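Look at the two complexes coming up: chain A is in both, with chain B in one and chain C in the other.
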Partner chain A sequence: MQREVGSLPLAPALRAKLVAAGFQTAQELLETGPCGLSKELGISKEEALEALQVVRQECPGDVARTAGGSGITRKCTALELLEEEQAQGSIITFCSALDSILGGGVQLTKITEICGAPGVGKTQLCMQLAVDVQIPECFGGVAGEAVFIDTEGSFMVDRVVDIATACVQHCQLIAEAHQEEDHLKALETFSLESILSHIYYFRCRDYIELLAQVYLLPDFLSEHSKVRLVVVDGIAFPFRHDFEDLSLRTRLLNGLAQQLIIIAHDHKSAVGDVVQITKSEGVNHTISHYISWLPRCAASSCHSKCRRY
Partner chain B sequence: MVVLRAGLCPGLTEEMIQLLRANGIRTVVDFVSSDLEEVAQKCSLSYKALVAVRRVLLAQFSAFPTNGADLYEELKSSTAILPTGSPSLDQLLDSGLYTGEVTELMGAPGSGKTQVCLGIAASVSLGLKQHVLFLDSTGGFTASRLYQILRARAEDGEEQLEALQRIQVVRVFNIYEMLSALQELRDRLSQQVVSSMGPLKIVVIDSVSAVIYPLLGGKHSEGLAIMMQLARELKTLAKEFSLAVVVTNQVTRESSTGPLKPALGRSWSFVPSTRVLLESKEATWEKATTQRVASLAKSSRQPTGIQVELDIGNGDVQELSPATLTQGL
Partner chain C sequence: MAAKKLRRARLSQELCERLSRHQITTCQDFLCLSLLELMKVTGQSYYDVQKLLCRVSRACAPKMQTAYEMKLRKSVNSSSAFLSTTLHSLDKVLHGGVPCGSLTEITSPPGCGKTQFCIMVSVLATLPVSMGGLDGAVIYVDTESAFSAERLIEIAGNRFPTYFDSDEKLFCMTRSIHLYRELTCGSVLKRIMSLEEEIISKKVKLIIIDSVASVVRKEFDTKLQGNLAERSNFLARGASVLKYLAEEFSIPVILTNQITTSLSNGPAIQADLVSPADDLSLSEGASGSGKKESGCVTAALGNTWSHSVNTRLILQYHDLPTRQLLVAKSPVAPFSAFFYTIEKSGLVLQDGKDQTNLTWEGTNPALQTIRVRNTALKDTLPDAALPSATD
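Let's turn to the complex of A and B:
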């Protein structure tokens, strides 16, 4: 329990006061108690109490630890991870060539980036994925729901209707060919209305809305636990224009990336994001550099032979 | 900056502390650096008692000097050199990863840092039968890839499964979680709890820049402070428990055509003792290549500028062509 005060997630001003007062470890803080703390630092009792709560959360007592309390850290051996990965499904794209490059489909718990020139089909692919994630398990899908975050306004509902109708027809043909009980049962709930109602659409007009949406997403996902796909269409678009402070942009993008990684991992969903490739070298080069270190599960699919100039 | 408290050492009573505090002496440093005769007069305490307390405090809080010969003997007996699984990389690192030191792998996205880390984990777990702690902050750890690497190196299925069990993976997605995980490790090692964690010799952190980048920059020096906290934690872990610490880092450029330099700035550059830069050989979309070039950017043992070729492809991290030695300027 010798956690240093400097490494606890407290407000900077509070931390500075603690260090100036000579507190070094979390143990000392807990021993002093809220009254002593508020007297020594000159802060209110409520603030002291809040700070101690944060400390207690970060440093669970020895009892909790030996009892196997690993709730905060996500720990497991590589063997357990392997078993988990092998049991996981992936979202098929209905294009066998693409599925084979991606190793079975778009993988869950990972982030996949789709980049290409304008008009090449990125949004179409994303809409296809939003429908495919809902395919029932007996047909080989993951039976999940989808979140679609749109920054460019390119989401066309009538196109989704076409895709969904085709998907339902395809499943019906499979069911007719195989004539199994669970296929027919699944088809009762798998219809155009249900598909459309399980795509949750968010429109973000600038980078602030995008950041807010992504940071609020975990709460949304804990209410809608069946979501298995999050698509961000146009992740670089809001950051491309009017950003004078480049270091701020880096920080925001990095924070956004980490948040998406957390969402993908904790909610066992796939996150797909779309990056535009344009011909202007300077801006695009920097943006795609920052974006492209979101881990890719396989290759990022580039539909066009367009090179980066 | 330790505050004087009752019971800190025998002879330091509560009334003594109150009297000292009334005269402006709050911390150990204040006490030890003040003139004791003056203090005895002002606080009306016995001089002998104060001297006795000072002696105990000095013994408790100061560092022990040691001479070079003893240090060398200790180093010889406690340092181990861990193979990375790739003979050419071992050559670059002067036969492998040294325990007690922090080694950094840096490179652009897709240059192979995570692959090399997986190779290292596989090599230590399979070859040395030692436990590995893998802190993953990017979500890039893929157990199936690790399994592939193990399958290429060991024939026996039992051995592969055992090796997988010896690698513990912790997912930490922000800096506080990372510090918390390292603290847990420290507690476990210092109490020597005999649990699933057997003899641990290496900690791999992939990547350090992912958790620190969102905090750096801007007007507050908050990010810098927490980065240094992490640096100190890593170095003391490495030294105290004889661990090899491997971290991965990003690279940035000054301008769009400038040379690559490691991310996280100058303050972080003092932390690792060895730095290896990984680069792709040819960057084209058509030809998928598994060839990488590793060059030594910072080392206390070898001349910098040495380059070797690595293959991070299917199977194992293996050398494909003899190492090329190019002396740096």
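Let's turn to the complex of A and C:
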């Protein structure tokens, strides 16, 4: 694959020098070697070496000259994808009607959007999901942790305590009914304190803090590899006021949505974001282009324009 | 946080100077640019720019806390998590009372008791902690000039006769209620922005704004183009500052709101401009089909505002003189209704009346219909002339 020099992620000044010196493909760069490059471009040998390392990272296929190895694009057959999708769990809510509507629960590696009128229960559902993601595997859950990004300040710890206590009691009832070894063992670690300690809460006061937090999220998720759910409660709220430049707002929201998709896929977690219902649908339209599945919650009144399959 | 200068984000000096040549001085400017623009402006490679982004983000991002730490912190000072309203059934349903750290809204038709409730709660906030109060000062922003100091003393004397037995105690209480009269949107917003220092210096434990709706509806006529956006802007900005104050100092913030009539097909009409004698259901709707447009009376200021407040209490008429208090939106309480009357000592709940927990039938909670006085009166006095809606 002969990759063009102009598409390499080098510093713009260096790129300009390469193009001016007549280099056209990455292969030519690699053939010249660092000393030759430094003489031709007038840069130091260390800089030339750095540039070559970047090129090698970008185009591993050229260097190794192997036919199969593809570092960046992943390809697989639809059958492999189907098996993968069926094998990974979903976050159950212990509410059988809701779980059956969602096809087993809230799916991992996908973004789920929850929208509704004020007061209908969006934050309640998010808090419930943050507790339910931690249900041990023997009860049907995914035994993961949760990240809760709050932009509206509606996260009430007391309510989460209520939900968590009820969830633990529910699991205890199941364990008593079935009397299996692993149920009882799982219950030892599944307690109110452990549930609360595994909900990581970030309070973002404006859209800049939200953007900053989403940029830092991949690093956070690599440190806390057990996180299986990211909830953004109120993705629309910080963008709804004080924005004269609507095109900037659209661009920032698109960027956010794309980053969340990457996070959801790479870290095999579910991302739920909550959108408010309003009469003007500008914000909702932008987000819904990237949503792959919208839950049909019986309790919420979804705006018709946001439904996507 | 957004206005944090890049210098303080630990970027190198020459990089900061280079960025300031392109008018990028704060974290906000930096994070709003796309990656390509950043590469052009900083002159660095893709991976280096990503590292820079992470560094700047770390300077702006909020601190992480686990839910467990939050619970521990709350349980350490559990007494100050709520302001008890001394209406026992209401406090039980709300898990303690008006919650600290979030916005509570009281909505009602005129004359139902919003200002009475606010005055009563201001007295409660000044009481010592042993009596269920917050032992602090109160900031009362009054836009309708409805606050009456005499009523304040009457409520205090009648509700807590054993505590307020001397004039000294009454004066002490009235000295800690700071009243601000603001008559325009701009001055209300300026006042809200300046509250941070006052809260610290005067040891304020409660903020009341009575009422948000009156200034907003006076100045923003939503029929004019562009006004709706400006109004939402103003409301959202006010709400976010108030939320910040409430959370930062862990104090309750109470706001009052008015009602509006939302017709099913047309825009909302300001209810106070429509005289009670008008039967809105007979007016020709936008469809013009002659079908009866059923209008319902709901809280004013629109959906954006309904999203911003965390708890909403609705006061409405039931029959003379009983009124009803509904908990329409709350993160901890189910939908419930209570009957009350207004007496010398403020609001008094009527226990023992029909307190069946009403389950509301799945309508949009933001459009919770509110009973206005004229419909109640129409039932009881069909022949008498209707009095004016504002007493």
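Going forward, the second predicted complex is superposed on the first by the 244 of 309 C-alpha atoms of A that agree within 3 Å, B and C clash if a C-alpha of one lies under 4 Å from a C-alpha of the other, contacts with A are read in each partner's own complex, and residues count from 1 in each chain.
Following the convention adopted for this analysis, contacts are C-beta pairs under 8 Å (C-beta built on N, C-alpha and C of every residue); 3 or more make two chains touch, one makes a residue touch a chain.
Just so it is clear, the model here is predicted, and its values are computed rather than measured.
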item	value
Chain B versus chain C as contact partner of A:Leu216, first or second or both or neither	second
First (chain B), second (chain C), both or neither touched by A:Cys76	first
Which superposed partner A:Ile199 touches (first chain B, second chain C, both, neither)	second
First (chain B), second (chain C), both or neither touched by A:His265	first
Partner chain in contact with A:Phe23 - chain B first, chain C second, else both or neither	first
Touching partner for A:Pro9 - first (chain B), second (chain C), both, neither	both
Which superposed partner A:Glu188 touches (first chain B, second chain C, both, neither)	neither
First, second, both or neither for A:Gly255, with chain B first and chain C second	both
Shared chain A surface residues [contacts with chain B and with chain C]	9, 12, 248, 251, 255
Complex contact set, residues of chain A against chain B	1-4, 6-9, 12, 19-24, 58-59, 65, 72-79, 81-82, 84-86, 109-111, 247-248, 250-251, 254-255, 257-258, 261-262, 264-265, 281-282, 285-286, 289, 292-293, 295, 297, 302, 307
Parts of chain C lying in touch with chain A, wherever the complex brings them together	1-2, 27-28, 31-32, 34, 39-40, 43-48, 53-54, 56-68, 70-71, 74, 81, 95, 99, 101-102, 232-233, 236-237, 240, 243-244, 246-247, 303-304, 306-308, 310, 312, 328-329, 331-332, 364-367
Chain A residues touching chain C - in the complex, by the definition given at the top	9-14, 54, 117-120, 123-124, 130, 148, 152-154, 156-162, 193, 195-209, 211-213, 215-216, 219-220, 237, 240-242, 248, 251-252, 255, 276-279, 301
Residues on chain B engaged by chain A in the complex (per definition of touch)	1-3, 26-27, 108-110, 114, 121, 134, 137-144, 146-147, 161, 164-174, 176-177, 179-181, 183-184, 186-187, 196, 210-211, 213-218, 220, 222, 225-226, 229-230, 233, 250, 256, 285
